[in-house]
Amino acid sequence: MSLLRTRGLRAFYGDFQALFGIDVTVEEGETIAIIGANGAGKTTFLRAVAGALACGAGMVEFDDRPTGARSAHEMVRRGVAMVPEGRRLFPSLTVEENLLIGAYCGRAGRWTLPRIYELFPMLAERRGIAAMSLSGGQQQMAAIGRALMSNPRLLLCDELSLGLAPVVIRDIYVCLGAIAAEGTTLVIVEQDINRALDASARFYCFQEGRVALTAACRDFDRAAITSAYFGL
Amino acid sequence: MTEWLNILIQGALLGGLYALFAIGLSLAFGIMRLVNIAHGDLIVLSAYIALVTVNATGMHPLASVVVVVPVMFALGYALQRGLLNFTLGGGLLAPLLVTFGISVIIQNVLLQVFNATTYRLQAGPIETASVGIGGIAVGVFPLIVFATATLSIAGLQLLFYRTAIGRAFRATSDDADTAELMGIDNRHLYALGLAIAMIFTAIAGVLMAVRSTFDPAAGPTRLIFAFEAVIIGGLGSLWGTLLGGMVLGIAQSVGSALSPSWQILAGHIAFLVILVLRPSGFFPRTRD
Amino acid sequence: MAGVTVERSTRASRAFGIVLLLGLVALATLPYWSGAGTMRLVSEMGYYLALAQLWNLLAGYAGLVSVGQQAYVGIGGYVLFYLTSDWGMHPLLAVALAGPIAAVISLPVALAVFRLRGAYFAVGTWVIAETFRLGVSLIESLGAGSGMSLTPAIVRQIAPDRAGRDLIVYWVSLAIVALVCAVVYLVLRSRHGLALAAIRDSEPASASLGVDTFRTKLTIYVVTAACTGVVGAFIFLQKLRLTPEVGFSINDWTVVVIFMVVIGGIGTLEGPILGVIVYFVLREFLSDYGTWYLILLGSVAVAIMLLAQEGLWGLIARRFDLRLFSLRRHLSH
C-alpha cells in the first residue's frame, strides 16, 4: 500500500488543461523527485495532491483513500503539507507566528516548536521579527519549518532552491535529509536536477503535463534524463 | 473657553460611538477585503432587535445586548457562509452589488414590519446623568459608549495578536490561498470574521438606539459615519478607527455648535479635506 | 495574412441597426399616433435608459462603481432652475449648459474621490452626493430646504401652449437619450473604449503597456458627469419642482438605475435597455406593493450577481450567441 498514488490525474485551470493523466506512486518513507522544465505541470501536480486544485476524487489516493476532491485544509489534517513555491510566508506575522500557524490544524507528533528551532537554530535567534525581513535562505527554512509543524506524513516541497545561493541550498538539503531520516515522506520538485536526484531514491520527469520518464536515480545517466527533460 | 472644551469633549465622546459603528466595517475589510454596504442597515437591524426584545421582555435596553449580540453573531456567520462567501475572489462588483442589494432588502423589510415611525429606547436616568470633570459636566452615557469602544478595540487587539485564531485571521488576510495550505478553512474563518464583526455591530446598534432616534432608513447614514471614521483613521488600524471616529465627532460637534443643520455636513467636509490632504489616513496599515 | 480585414459589424448587428432605425422613427412620430400619457412614459423610460447607460459606462466598463451619480442629477436640476429664475435664461439652453457645468464640478470631485479604490470609492461618491444635498439645502438663493419651482413664465418660453410644450419636451427627451447613447457607444468604440477593456481585464498589465489609466478613468468620469447633469436638468424640466431631497435622492436616481443595469446585464450596451424594459414592466404590475417591490428587485439583483453576473441579456446573448451593438473588432477574410 503506497502512501500516495495518483491514477490518470487530469487537472485544469479553467479551460486550460495542465495535467494529462499522471500516474505517480510514492511509498511511505521514500524521497522522490519530480523534475521538469517550466510549465511542465510540477507545481500543478503538487497543488492537486495538496488539495489546492480540485480534481476527480479517485485520481488522488492518499493512505488508500480517495482524496482528489478534498480541500487543502482537510488534506493538512490528514497529513499532507506543502512548502509552496516562493516560500509565501505571511508578511503580517513574525517568524515564530508563521511557524505556529503551521500547527493550526492540531496534528500531534514529533515536530514541535522547540524541535523546529533545533533543526533551524538561526530561526530561533530571529523568532520575534517580521518574517519577511529574513534572508531568502532563512525564509525557506521558515517555510519548511512551518509545514513541518503540522506533523505531516507527506511533505511536498516546491522549488526549494529557487533564487538561493548554492551554499544555502546545500544547507537546506542537509536539513531535508534529517527530516527524511525521521520517517517523513518527501516529494521534491526542482528545476535544479542534480540536487533533487542526489537527495532522492526515484524520480519522475514531467514534460508538458505528462510523465516522460521515471526510474530509480541510481540507474539512470544524466544524459538520458536531460533528453527526457527537454523532450528530445 | 470652557464652551469650546465642552464641544471638544462632546465630540470626542461621540467619536466613541462612531468608532463602534466602524469596527464591524473595519474587521470585514481587514479579514475578507469585503466592504459591506449593508453595514449601516445591520446596525439599525440590531436596534430593532433590541426594540423587540425590550418590548417582549421589559428588560432594560442596555441589558438587551445579551439577546441582540448572539442573534447578530449567528446572522453574521450565516450571511457570510451562506451568501457573501460566494461573492469573494471574483472582483469588486459582486460583493459590492450584493451587499447593496441586501441593504435595500433590509431597509424595506424593516419598513414593511415596523413602518416609518422613529423609535428610541428609554434607558432611564443614565441617559441624563453626568459627572463633573474639571468643571465640565460630562454625560455618563457618552462616557460608557466611549469606554465600550476602547475596551472593544483593546479586546480585538488581544484577539488578533495573542491568540491562535487571531493569527489565523491575520494569515488569511495576508494570503488566503497559502493559509488554506496551512490547514485554515477559509470559508469558516470568513464566516467567523463577519460573526465577530457583528458582535460590535450589535453593541453599536443597542447603544445607538438609546442615544438617538432610529427608523428603517437610518442605515446609510451610519454606514457613512463608519466609513468616514475608518478612512480618516487609516485603513487597517483599529486604534486609528477610534481616532478617526473622534476627529469626525469633533468636526460634527463644532459644526453643530455653529448651527444644528451644519452638524453632518461639517463631518463630510472634514472627511473630504482629510481625504484630499492625507488620503491614507493617520495610521494606515493595510497593503492594498 | 493577405486578404484579412478587421471588421466591426456582424450580420446580427447590421440587422439590429435597421430595426433600431425603424424604432427611432416610430418613437419620433409617436405624438402623432399616441397621447400625452404615452409620451410622458416614453420620456421617463428614456431618461432612465440614459442614466442606466451612463452608470453602466462608469461601473461596467470603467470599473468605477459610483453610488453617487445622483449628485450630478441634482446639480443638473439646480443649474436649470437657477439659470432660468435668476438669470432669465431659456430653459432648453439651461439644460444644455448643465452639461459643461456638471463637468467642471466633477473635476475637483474626482480629485478627492479617485484617492479611494473599489468599494471605498463607491461610498466616497455617496458622501460627495450627500455633501451636495446638505450643502444645497443651506443655500438660500437655491431655495434652501424647500427647494425651487419653475414658474409658468419660464416654462412658456419653450412654447406658448401646453400641447406645443409637450411636443417639444418629448422630442428633446428623445434627442437627449439618443445623444447619451451615442456618446456612450462612441466612447466605447474609441481608443478610450479599448483602453477601458484592457484596464478592466488587468489594470497593472495595461498600465505597463502605456495605457494612461488615470487619464482614461478621469475622462470617462467627467464625460459621464456632464451627460448625467444634462439628463438631470431635463428630468426636472419635466417635474417643474425641485428640492434637495428629490434632486439628490439616492433611491430615485441610483438604486433603481443600478438594479436596472444589474438585472439587464452589467458591462454590455444591450443590458441596460433590457433592464429598463424589465423594470417598467414590473412597475406596471407591482407598484402598488411599495416595499415588496423593492425587496423583490433587490433579491433579483442579488441573485443575478451570484448566479448569472452577465444579467438577463448575458443569458440571452450566450444562448443565442448574439451581439447587437458592434463593439468588438473581429477578423474576416
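Worth pointing out:
When the chains are written out, they are named A, B and C in that same order, and each has its own residue count from 1.
Here is the rule we go by: a residue touches a chain if its C-beta (ideal position, glycine included) is under 8 Å from a C-beta of that chain, and two chains touch if they have at least 3 such contacts.
This one's a predicted model, so the numbers in the text were calculated from it and none came from an experiment.
Taken together, the touching pairs link the chains end to end in a line with two free ends. Taking the CA centroid of chain C as reference, the farthest chain centroid is that of A.
Put simply, the chain closest to the centre of the protein, by Cα centroids, is B. Across the structure, the highest number of inter-chain C-beta contacts is found for B-C. Per-chain CA centroids place chain B at a distance of 33 Å from chain C. Annotation: 54 Å between the Cα-based centres of chain A and chain C. As a whole-number value, the distance joining the C-alpha centres of chain A and chain B reads 43 Å.
Of all residues in chain B, only 35, 37, 83, 86-87, 90, 92-98, 100-102, 104-105, 108-109, 111-112, 220, 223-224, 227-228, 231, 235, 261-262, 264-265, 268-269, 271-272, 275-276, 279, 288 touch chain C in the complex they form. Across the interface of their complex, chain A is touched by residues 164, 167-168, 170-171, 173-175, 177-186, 287 of chain B. In the complex of the two chains, the chain A residues touching chain B come out as 50, 52, 71-73, 76-77, 81-82, 84, 88, 90-93, 97, 100-102, 104-105, 146-147, 150.
The touching residues of chain C, counted against chain B in their complex, run 59, 63, 65, 67, 111-113, 115-120, 122-124, 126-128, 130-131, 134-135, 137-138, 250, 255, 258-259, 262, 266, 291-292, 294-295, 297-299, 301-302, 305-306, 309.
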